[in-house]
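There's a structure below that I have some questions on.
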Amino acid sequence: MVRVKVIGATGYGGIGIVELLLQHPEARLATLVAREDVGQPIGQIYPHLAGFCDLPVLAPDDPRSQEPADVVFFATPDGVGMQGAPAALAQGARVIDYSGDFRFTTPEAFAEYARRIGKNPAHTAPQLLGRNAYGLAELHRAAIRQAKIVGNPGCFAVSCILGLAPAMKAGLVEPFSVICDCKTGVSGAGKKVSPTFHYPARYEQMNAYKLAGHQHVCEVERELSLQAGREVRVTFTAQVVPVCRGILSTLYGTLVRPTTEAEVLALYRDFFRESPFVRVLDSQAAVGTLHVRGTNFCNLVVSVDSRTNRLRIVSHIDNLMKGQAGSALQNMNLMCGFPETLGLLRPGIYP
Amino acid sequence: MVRVKVIGATGYGGIGIVELLLQHPEARLATLVAREDVGQPIGQIYPHLAGFCDLPVLAPDDPRSQEPADVVFFATPDGVGMQGAPAALAQGARVIDYSGDFRFTTPEAFAEYARRIGKNPAHTAPQLLGRNAYGLAELHRAAIRQAKIVGNPGCFAVSCILGLAPAMKAGLVEPFSVICDCKTGVSGAGKKVSPTFHYPARYEQMNAYKLAGHQHVCEVERELSLQAGREVRVTFTAQVVPVCRGILSTLYGTLVRPTTEAEVLALYRDFFRESPFVRVLDSQAAVGTLHVRGTNFCNLVVSVDSRTNRLRIVSHIDNLMKGQAGSALQNMNLMCGFPETLGLLRPGIYP
Amino acid sequence: MVRVKVIGATGYGGIGIVELLLQHPEARLATLVAREDVGQPIGQIYPHLAGFCDLPVLAPDDPRSQEPADVVFFATPDGVGMQGAPAALAQGARVIDYSGDFRFTTPEAFAEYARRIGKNPAHTAPQLLGRNAYGLAELHRAAIRQAKIVGNPGCFAVSCILGLAPAMKAGLVEPFSVICDCKTGVSGAGKKVSPTFHYPARYEQMNAYKLAGHQHVCEVERELSLQAGREVRVTFTAQVVPVCRGILSTLYGTLVRPTTEAEVLALYRDFFRESPFVRVLDSQAAVGTLHVRGTNFCNLVVSVDSRTNRLRIVSHIDNLMKGQAGSALQNMNLMCGFPETLGLLRPGIYP
Amino acid sequence: MVRVKVIGATGYGGIGIVELLLQHPEARLATLVAREDVGQPIGQIYPHLAGFCDLPVLAPDDPRSQEPADVVFFATPDGVGMQGAPAALAQGARVIDYSGDFRFTTPEAFAEYARRIGKNPAHTAPQLLGRNAYGLAELHRAAIRQAKIVGNPGCFAVSCILGLAPAMKAGLVEPFSVICDCKTGVSGAGKKVSPTFHYPARYEQMNAYKLAGHQHVCEVERELSLQAGREVRVTFTAQVVPVCRGILSTLYGTLVRPTTEAEVLALYRDFFRESPFVRVLDSQAAVGTLHVRGTNFCNLVVSVDSRTNRLRIVSHIDNLMKGQAGSALQNMNLMCGFPETLGLLRPGIYP
């Protein structure tokens, strides 16, 4: 039984891991920390938790929020995890951070990412970089098992990297030809209100945003380049549609040689044969994001447009699960030596 | 470990109990029966179940669909359960029927209900009436424990009866003054397509229907009359709004004497003190149907309009859970001697 | 051709009247005033207006915002219209105010309303009270034609008053038996962001609010009492559902004598025979709020529950049209001597 | 004043043109024809039209449905227009067909299209091919003015062709590099019910479909090739998201030489300088499909990803307006010598 602390417990990412941990047989929620709603029981802030968890939310400067834990989740924006991780590690905790703080293993790579989002490029805990692992279990399972600190991947990044890694590793696609056309549900932006996510302004609305560049591109290019063994550059488009949960990423790449859908299917199924949360489907499969909602699965639909010699992968995840809290718990399981799927194997509800 | 058969497995009510049983520690899904999609694995019809349940759907006349089970759910329309229940009982099974077939304990009461929905008023298994229990655990827990056959209540009826039973039992409300203003999500109509539930015709749409009379009124009046010890008549309005899951029933009754919200709260909390799935909340509680989605809870918000001397209860359920499959599993737990909450205590996901 | 000024032009109520005036053959938009987005062309703030209206938004203290107009709309919260109306009237303008400021004709009635919403009960322009008209054309057409200042009714109030006025006037319903169960779309709360109307918190959500009392009750009781010729008290419930536009109000009252649906239909049709925006329909009509979206119509569905001796009216409006900007334009037409329907007769779009 | 007949009046495409014609100053609706709901007034089938149009729906074999008209809209599926057009033309009518029947000018081109959608490749009125025009006014204004018969373009095709035509004409993009990633609202599939568009199966759902090839590709490639003066091939992905109205097409092409956003903007604005329904916007514009809903506008957002040397155009239309009935009316205006924008210049409503 591991004691768990969640920093940033009242955001969507925090509440997501709280929900999962309440049903995890080897974890015990011990401490919830957040800046808002301090002092209230979490089951009052989020009435669906009433009776399941009545821990109070502690302020970051409350002494009780410093009590040791075996696992600490930083479900916090960029910059918070790098401040708090050293102390947590010193107390013997394993750390899983949701932000970009620990997705890069060198100060230089972090700086490039930070500049892209207009943040301070100087990492405040550079001594930890290199000891961290990138928390996409399907690609870095062994490293995560060893790591004391894991940078949970970005939600868009999960959908794109899983969808393209096998093709890049096999050298199937030209490395500068990749396009990631990504559509996300609104919960991806978190619980902070904004005119853009006000219900009347968002229902019946589809739009692209950050056309000048999205911060997740760094991760996608780094990971795909690692798989390809050479530089990969992607054109990335972020779009929002009026669903709450779900990412649908449609991924394109020019084939280096004529390839059939059957060949691609075989390649992908082999690549993910040890990965219980990835389903590889053919182009006739009638699936959508509703079929992975509330689950940690990534459904990949493979197709080849032979007229234009192009590979197309449609990648489906729940942005708050495989795109966030689900991956975080999967990482915790690996770091703690639990079965990878513990507390995560559930089918979701339909409709 | 009980072996379970689900008849009507491919409707929303069927899939709902399948999802729950897959996570129930004492149940094993053995047989799925339906008229559509025969021969396909359920995990192919409903892709979110792929890997969790790959039982094939059997036709009703397939010999394998007749194999004995410990528990049989009839997740079927009116008229199917009464045909199949005698054989199931003869095989030693406990039977839970979703339709109106076993919600009434006399042929006369059934006939009145059947006439209201334009069905044949002659019950085909009248010998079973009187041996059945009405499957609302909060009111009939003891009877359900003893029963071999349970009629699962209607979704609207659950929300109304739970919301008004304490007041009626206490004689707090005039018996002819009750109004049930009910709003349901679209899933309540099942998976059968219709112009009314076509997405473009339903989004941004609110409407009342069946203004001439809804079949659930029979149950509501019968149960409230039982609590009151005298005849109760209700005005009932069914309305649909563009959500998928959820019923919000706003229930009104004229107080027989001035009463405070605090008194009503105390009365309700006492009434439900043994009922783990009912939460009684005061008029300041910020809750809605999203807070019970995917769960078996009924959240009741109590208020008194002293200017007009009226009690008002706002009742929130997930129509597919407490309104259907959740209550069905709760009944199975009672009938089989399992803890009432087994496999049902989960907080849902938010948002 | 009348010159029009809109104060509060950038809220949903402001933009609604701007859209209508752009298509009105006798009106010319002259001045737009608001506190936010000052200096920007309205067609930049609201891109759907680009090319249709490129007037800049002026600050309230900008001298150009004081230029005279023939008609001034105060699409502003409580308290703003009463401050600005005297100057506008002094300049010869006709004034239409959206808030509660001019819905009452005595300082005492206003004070009661103001207390209910926690505002200062002292009206700052009491000399205007008594000269104002309540802007529900169907009941006060003659007075509106004469008035220089009109208080546009509340959106819930429009739906309730139109739905019950004929019955109250005919003495058909017991005056203390009335219940108004009202469901509104989210746009009724305006464009101001809040956690309650954040998309992820609102989709799939139904809830009641302000159970302790909604400010629109004052108007409803006053108007129904006027029709009845005696005091009427209502129980009023405000609820929000995830649509953008639309109010569905289900209205109940106990009949003083047995009455048929046909009698009620005849009574209602007679009452509204001169009212082009009210449609009276029988209980079999398949209509909903989507059928009045974007229009100034109020669709009333009449039914009688003879088992409980109760009248039930289902009232449908677009809260931003008949519930706000549409009524405001209808009032302008009457005040300016234009045909009542000018610029307002359009069917909307479907779906 | 032209007399207008609408064949297929009760589908979404039919009702769309009915709504527009009711507000068109030079058109008079004379005849409505459909296979369903025969004999009912259109204002009863679609209650929002009650009082605006009460023409009855005539069966195709009703003699009154054969009465001459000045303009005939075939708002019908593939195969109907080619059967009826010769007779309509013989009566002197101008014909606008919504289907693929008259989008191609040779029997061979039609056959290729027909094969792609699994229809009979033999056109039944081949003598008309070559006399028809492709009804995208922005590219074929002069031809449409002269034509007696116009094939209204596909909804996806409108969004893609307008978005890419200027770049292709300027030779800015490699002709085999084009990718069209298209997301449509549900109304694009029409009013016919299907399990895919059942509300509970569609809310919270995003999915790709027809991955093996969508019929609109033919039009897109033909038109872009015409602009480019050489063969263009596109990878096309159709996707559905839970909005009712709207298409968001994200269009990608590899630049043949480094080009700035400013250059592209200038090129596009010049290309569309005579086209009142196309707005060209830079990459900072905060627009989405909600801003063109209910209107005939196409909003194009231009951006250049210089890191990957790629042009990206985000194209926004209302699929039932610019994608269907709006373009049809625009074509009628051109064919009849009316101003192109007559009856079409309206801003829509927001939100």
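Order as written gives the chain letters A, B, C and D; numbering starts at 1 within each chain.
We adopt the following convention: a contact is a pair of C-beta atoms (placed from the backbone, for glycine too) under 8 Å apart; a residue touches a chain by one contact, two chains touch by 3 or more.
The shown structure was predicted, so the numbers you read here are calculated from the model rather than taken from an experiment.
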Farthest chain (mean CA position) relative to subunit B: D
A-B compared against A-D, more contacting pairs: A-D
Separation of subunit A from subunit C, taking each centre as the mean of its C-alpha atoms, in whole Å: 46
Averaged-CA centre spacing for the pair subunit B and subunit A, given as whole angstrom: 37
Averaged-CA centre spacing for the pair subunit D and subunit A, given as whole angstrom: 39
Per-residue multi-chain contacts in subunit D, two or more chains: 12, 185, 187, 191, 200-201, 203-204, 242, 244-245, 286-287, 290, 293, 351
Subunit D contact footprint on subunit A (complex, rising order): 176, 179, 181, 183, 185, 200-201, 203-208, 211-212, 233-235, 237, 239, 241-246, 248, 250, 252, 283, 286-290, 293, 301, 303, 305, 307-308, 310, 312, 314, 316, 351
Partner subunit A, residues of subunit C touching it in the complex: 12, 185-187, 191, 193-195, 197-204, 242, 244
Subunit B to subunit A touching residues, read off their complex: 12, 15-16, 19, 22-23, 46-53, 187, 191, 244-245, 279, 285-287, 290-295, 299, 320, 345-351
